[in-house]
């Protein structure tokens, strides 16, 4: 079963890989890694989420079959090598590219899981996995506090919205390139607004009154 | 080949997922994560070990096929949200739930691997992987020292006993729900006693005399 | 399609597992883990890279089918238990065993991926994954800075050379046990020289002049 045409899926994927790979290369530069480590971290960040999704679904990862997936990784490493931003803009640059990757991958990840006949709820969760997996891998291997768990601003929630929207659109037979890209843009916008206005979700436990 | 009837495997699995998910949600609360991060950490802890096992065996993860696996995760997040224990009892609560999950998963994990025609020794190791995998993932992504490696008390050894017992029972054609649950209870009890009495295994190297 | 004869692949694999398992057991001893944790860390280090490669390719991991893969892990744990080196020699011992594992696994990993009909470029990358995966897993779960990312000396680059050489030899129909072992030795030598002379790759970004 096909959700997006193969070339569309590939094109959206490559753009998403590029966005995430930039965040990996930026972090590598920030941490003083060399250019080879930068390529490895960029590759893990850009391809990690999709590989984990494909391995869980049980299909051979697209990045393995099509070595063209390495192109956006190398491009990202080169761009960061040449234009590593001034430290004061580093964090915002990384977070915006991360948000762009999040927006694309929650939609394409859900679509790919639906195409593999996974139940819609699980497909949406695999979309979230695709979207947050690469960044989590990046932060864990580079020994950073995962963005996923920082309390400053919501991170996974926008991806959940985008993935759920994709699954619902598909159920309504209304998932196309245009509605998919719209879901991506909504996700990106929600995440960017969360960053700008420090939107937060409730804590993991009910705060108790000082006397309670 | 079937080891436990499908409904039995599912029921035992869901209880184990709940136990581990509680430990993930507890740690999320302790670290000041929000409720979404709590759900993600609880999900990784509860489902991670089983997903890794299924991916290694080469079957599609049960949690993917049956979205009901999400129910114990959400239940755990809700319970912790409402009843997050006082700090002084936090560590013991987490460790006891962890021990309960360990007991169940080393048995069900081994059984599921045996059902997939894996050699008995490897099946027992996959049972241990199921039992310790979710907790290891929890500790690594939340940047804690993995329980698995703390020297205070044995952790993997009880799971190895339970997994080996399951494989032996199966060889003797004596593995049933009752003997399986008995192996789980033995594992839980060993781990709880290890916690209570600080049972330790020998260090990884022979201590040398000060003059040696 | 067969690259190396089955027994050759197995023999080379077991030696590589032993080298990496020694590094896991050494690190466990250094960190004060117990002997069970040492076995688990040695197992993850020795078998982790190969299991990840096989899971990505979509074949059942060799270590699962052949429990003999546990033998070099247990041997490594025993050797380290008896002969844990004096602290002053600890780091060098670990790095040399790591380099030996790196040399073997980049070649056998690439060969195994080629045998599974993966495109040559992807096969070489899977060879690198096999070579660096176990050590990365070791460092991440034991909370060390991954060797992979340390800037002191090149680490992944020798593995990339060995993996690429293997893929090229295969294309030229010249991959045999002897040329494969030669590629391993070259990789090991490059890594050992990099350690000795602190060979470095360029940083991940172009250094800017103080006034720039």
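Each chain carries a letter (A, B and C) given by its place in the written order, and its residues are counted from 1.
Convention: contacts are C-beta pairs under 8 Å (C-beta built on N, C-alpha and C of every residue); 3 or more make two chains touch, one makes a residue touch a chain.
Everything numeric here is computed off the predicted structure, so don't read it as measured data.
Undergrad: For the two copies chain A and chain B, what is the rotation angle that overlays their Cα atoms, in steps of 5 degrees?
TA: 120
Undergrad: Do the two copies chain A and chain C share over half of their interface residue numbers, or under half; same or different?
TA: Different, since under half the interface numbering is common to both chains.
Undergrad: Can you compute the centre-to-centre distance for chain A and chain C, using the mean CA position of each chain? Integer Å is fine.
TA: Comparing mean C-alpha positions, chain C is 29 Å from chain A.
Undergrad: Where does chain A touch two or more other chains at once, residue-wise?
TA: In chain A, residues 55, 58, 140, 143 touch at least two other chains, as defined above.
Undergrad: Of all residues in chain A, which touch chain B in the complex?
TA: For this pair, the touching residues of chain A are 55-58, 118-119, 121-122, 125-126, 132, 136, 140, 143, 145-146, 148-149, 151, 154, 156-157, 160, 200-206.
Undergrad: Which of the residues in chain A end up touching chain C in this complex?
TA: Per the touch definition, chain A meets chain C at residues 25, 28-29, 31-38, 40-41, 51, 55, 58-61, 63-65, 67, 70, 77, 80-82, 84, 140-143.
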